[in-house]
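There are two complexes below, and they share subunit A, which is joined by subunit B in the first and by subunit C in the second.
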Partner chain A sequence: MTMRRELTFLLALWKANLLSAMEYRAAFISQVIGMMLNNAVYFAFWVIFFDRFQEVRGWGLDEMLLLFAVVAVSFGLGVYLFGNVMRIAEAIANGRLDYYLSLPRPVLLHLLASRSIASGFGDFLYGLICFAVAGRWTPDAVARFVVGSLLSMIVFLSFLILVQSLAFWMGSATLVSAQAANALLTFSLYPITLFDGTAKFLLFTILPAAFIGAVPAEFVRTFSWSTLAHLLLAASLLLALAVALFQRGMRRYESGSAIQVQV
Partner chain B sequence: MPAIRAEGLRKTFVTRRKAAGLRGSLRALFHPDRQTVEAVRGISFEMEEGELLGFIGPNGAGKSTTIKMLTGILYPTAGQATVLGFVPWEQRQQLAYRIGTVFGQRPQLWYHLPAIDTFYLFGKIYELDDRTIRRRIAFLAEAFEIEHLLETPVRKLSLGQRMRCEIAASLLHHPRLLLLDEPSIGLDVVAKQRIRDTIRRMNELEGVGVLLTSHDAGDIEALCRRVIIINHGQIVYQDKVSALKRRYLTSKLVEVRYAHQVPRDFRVEGTQVLKIGRYGVKLRFDTRQTPVEAVIARLAEAGNLVDVTISDPSLEEVIRTIYQEQAEP
Partner chain C sequence: MSRRGLKYWAIFKTQLINGFAYPGDLLARSLSIIIFLWVFLFLWRTTYRAVGQERIAGLSLRDTLWYLMLAETIVLSKPRLSSTIAEAVRDGSIAYLLNKPYNFLLYQLSVGLGDSILRLAFNALAGGLLVGLTVGPPPPLWGWPLTLVTVIAAWLIDFCIAATIGLTAFVTEDVAAFEWIYQKVTFILGGLLIPLDFFPAWLQAVAQALPFAYTVYGPARLFVEPDGGRFVTLLLTQGAWLAALGMLLALLYRKGVTWLTINGG
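This part shows the complex of A and B:
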């Protein structure tokens, strides 16, 4: 019942975001196309690379395509549906949570879904194209792709919520958050076999890029209960931690008196 | 049961102080000078259901902080409060279904969308069914005279039009209590009057209680029956507005401009001249002794009037008088 209520609420917010985007159709379309081109140029580097070296520690173009598909869909959908995930620290520091606190809905969910980043839709489409090009069109693979991407998205969103919630204690965490998001995305887009030892340990713990890229991509490639269990565990643990830290921080929230504009 | 009961509400913020310049910033980095600021210092009051209560005080007096504690936005440092039987900071969501809030400096309407789209979104947020939302929007649009504004993107509305839409949005879910924080900030005289009229009408029609903060004594005078004056985080006065008017809002200020030069010995019976300029004069008069219309008539007799502005004494002046009275044995 609660899930259904919150889903109805989320659908209403997403509809409002879509209506907002429709007010500026040209800007929306240009951002979507711009991001797809941007991704294509980036991926072209790997096409040239694998044309010369065939594979890097067991990773070839096929693995990279699936990795890109998962990360692009996860990141794209995440920022398209929960666009304020990039602005949590700013909202805390500027007292912008007042708006969400005065309405009868969960603050974090309401905040996250109140903005949509149009370019995220470009990433999402690009990810779908990558998956289509990878050629794994069996129902099993599609189902694994959907599950893997959604779990990757939860890890990505949770990590950003965790880092940005530090703003409750630090006052401003905007720069740290931007750096953390960049690092997360950068490391999730490299073949995991490149890393070993401490670096690999870090990518599975402090900067959980492996659970955004390599692990879900591996799950899409071949089904394994242990990979699924790892992914589920990482996603649920990080989400629980993120929500708990945000709620804890809310007690320290200090509001603000800046003149604000809702966008 | 009172709609609001607050007992000894306190809120302190910890801020950092730093001296000017780079040296100050460096020193603050290694030896931060933390200072505790008491925004609200033990406020206690009650408000009845359906009451129109004014909460006034100068900027920084603690009005907004108090409202934010009463809506569950801020946790108090100490003290207790119930709003419609709920403890705001512990039962925020349940309370939010029953109250409406408008913060003059923080718009709720989506900036790029027409107000009607936010109204429908709010309907979903408050879990109203589609038929109820449509009927409620039609009713509020008529009451607030905003039918013609509903389909215009909010960014294209004037401040006064936007504020009418904001207040209408806060009433969509039939709240029993409306908390308005500076709803008239930045508005011109006509827009202020329209907002005041509509709030009063909704109070009469639906019995919704209104707690209104303002730094403009005129808002309270026009709208509220009871007033609480707050300064430096403490209540300095609470009584009926009629009593406040009788005791402290007894004088008015008039500024006039003439089409010709004003003589240096300009005088008008029943007024005290405060300042004489080349074409303008500033006067004060006591409304208990000289009615407004008599002053205007006398000013008009004195020459060819170009402009007249009548205003209340500033809130700071009223507070100063209250302090002076309290200091006297």
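This part shows the complex of A and C:
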């Protein structure tokens, strides 16, 4: 019953975000198209790279297409539906949680979904195009793509919540969060076989970029129970940790009771 | 220095001193270059091993990494000029800046330069340390001053392009999309992610016919293989692009200010 109520609430927030974006339709469309072009130009690096070197440790253009498809869909959907995920630290430091605390809704969920980043929709569409170009159109591959991308999105959101919740203890964690998000995205967009030893260990633990890019992309390529289990475990563990840390941080939260208007 | 020059020198100096007030911030920002270069180190080390050659397109692994270090340093030290100008146009604060006794574009140039210099030093230091420790010593010292001259010219070309994008806000209001695309074009055709030497011949020719290559590739390539002839050619090409883009910027600015007056400021 509670789940259903929160879901209805989420849908209402997303609808409000969409209606608000439609008020500035030209800006929304330009951001979506701009981001798709932006990603396409970035992908040109790999086209040039593999044109010259064919493959690197088992990775070629086809593998990169799937990797970009998963990361773009998960990141795009994440920031489009939960746009405040990039601003949690800022909200904590500026005392902006007061607004959410005064309403009878889960603070974290309400905060995350209260904003939508239009360019995220461009990333999402770009990811779908990459998947279409990769040519894996069988129903089971599509199902694996949906599952893999959703789990990747959970890992991405959870990691950002975790890092940004540090603002409860550090005061300002905006720069740390920005660097962490930057590192996470950078590493998730490279073939995992490039890294070995300590680097690989870090990408599966402290900076879980492997669970955002390489592991779900591998799952889309070939089904394996163990890959699915790893992904599920990473996503649920990180989500539980993120929610727990945010809740714990909330006990320390204090603000100057500034009067703020939520627009 | 003329009185006019002194004014901009003072703005530049103030911005520079301002940067010294936040050394922690500068250090934290330098983390980005470490992250990117660390990924590049793995990518290119693996690639050179896989190809099994000491040199690819005339560049050794050490050359490639030092090239990428300077390329990243240049790009990561740039100010976010387009969005700053666009924001000033959008929120109307440009009207407040326009009635001050200075030229708006020269003011932005002085502020941007003051912001960039410290970042450039910190990024070069952090990136240089990582590359030096992992692939070996930097290119010959005598080429460094030549490279610095071309880095300044590259910065000025980038300023003209970024300011032009920022000023399109007079018409479009939102310039984010143009900014991303320019950034990514620099990544590829500018040679930030991969030296142009690794491109197919036709794409190399296209890239070298555009200004982006002279904002990143030119100085970074000169850095790893310093040569008097290469320096002169590069500087002349940079000068030509600077003149063309500078004129375009001045023209757009004059038109834009007129447009702003029509709207009431």
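One rule holds for everything that comes next: the second predicted complex is superposed on the first by the 257 of 263 C-alpha atoms of A that agree within 3 Å, B and C clash if a C-alpha of one lies under 4 Å from a C-alpha of the other, contacts with A are read in each partner's own complex, and residues count from 1 in each chain.
Everything that follows uses one rule, which is that contacts are C-beta pairs under 8 Å (C-beta built on N, C-alpha and C of every residue); 3 or more make two chains touch, one makes a residue touch a chain.
Every value quoted in this text rests on a predicted model; they were computed, and no experiment measured them.
In the superposed model, A:253 makes contact with subunit B only, not with subunit C.
Contact with neither subunit B nor subunit C is seen for A:236 once the two complexes are overlaid on the shared chain. In the overlay built on the shared chain, the residue A:56 is in contact with subunit C alone; subunit B does not reach it.
With both structures placed on the common chain, the touch criterion links A:38 to subunit C but leaves subunit B unconnected. By the touch criterion stated above, A:48 is placed in contact with subunit C alone, subunit B being left untouched.
In the superposition on chain A, A:172 contacts neither subunit B nor subunit C. Within the superposed three-chain model, A:190 lies in touch with subunit C and out of touch with subunit B [touch as defined at top]. Residues of subunit A that lie in the contact sets of both subunit B and subunit C are absent, per the superposition on chain A. Interface residues of subunit A facing subunit B in the complex, by the touch rule stated above, are 5, 8-9, 12-13, 15-16, 19-20, 23-24, 97-99, 101-106, 251, 253-255, 257-263.
Listing the residues of subunit A that touch subunit C in their complex gives 27, 30-31, 33-35, 37-38, 41-42, 44-45, 48-49, 51-53, 55-57, 119, 175-176, 179, 182-183, 186-187, 190, 193-195, 199.
For subunit B in complex with subunit A, the touching residues are 13, 64-65, 68, 71-75, 92-97, 101, 103, 105-113, 117-118, 120-122, 124-127, 153. By the touch criterion stated above, subunit C contacts subunit A in their complex at residues 25, 28-29, 31-32, 35-36, 38-39, 42-43, 46-47, 50-51, 172-174, 176-178, 180-181, 183-185, 187-188, 193-194, 198-200, 203.
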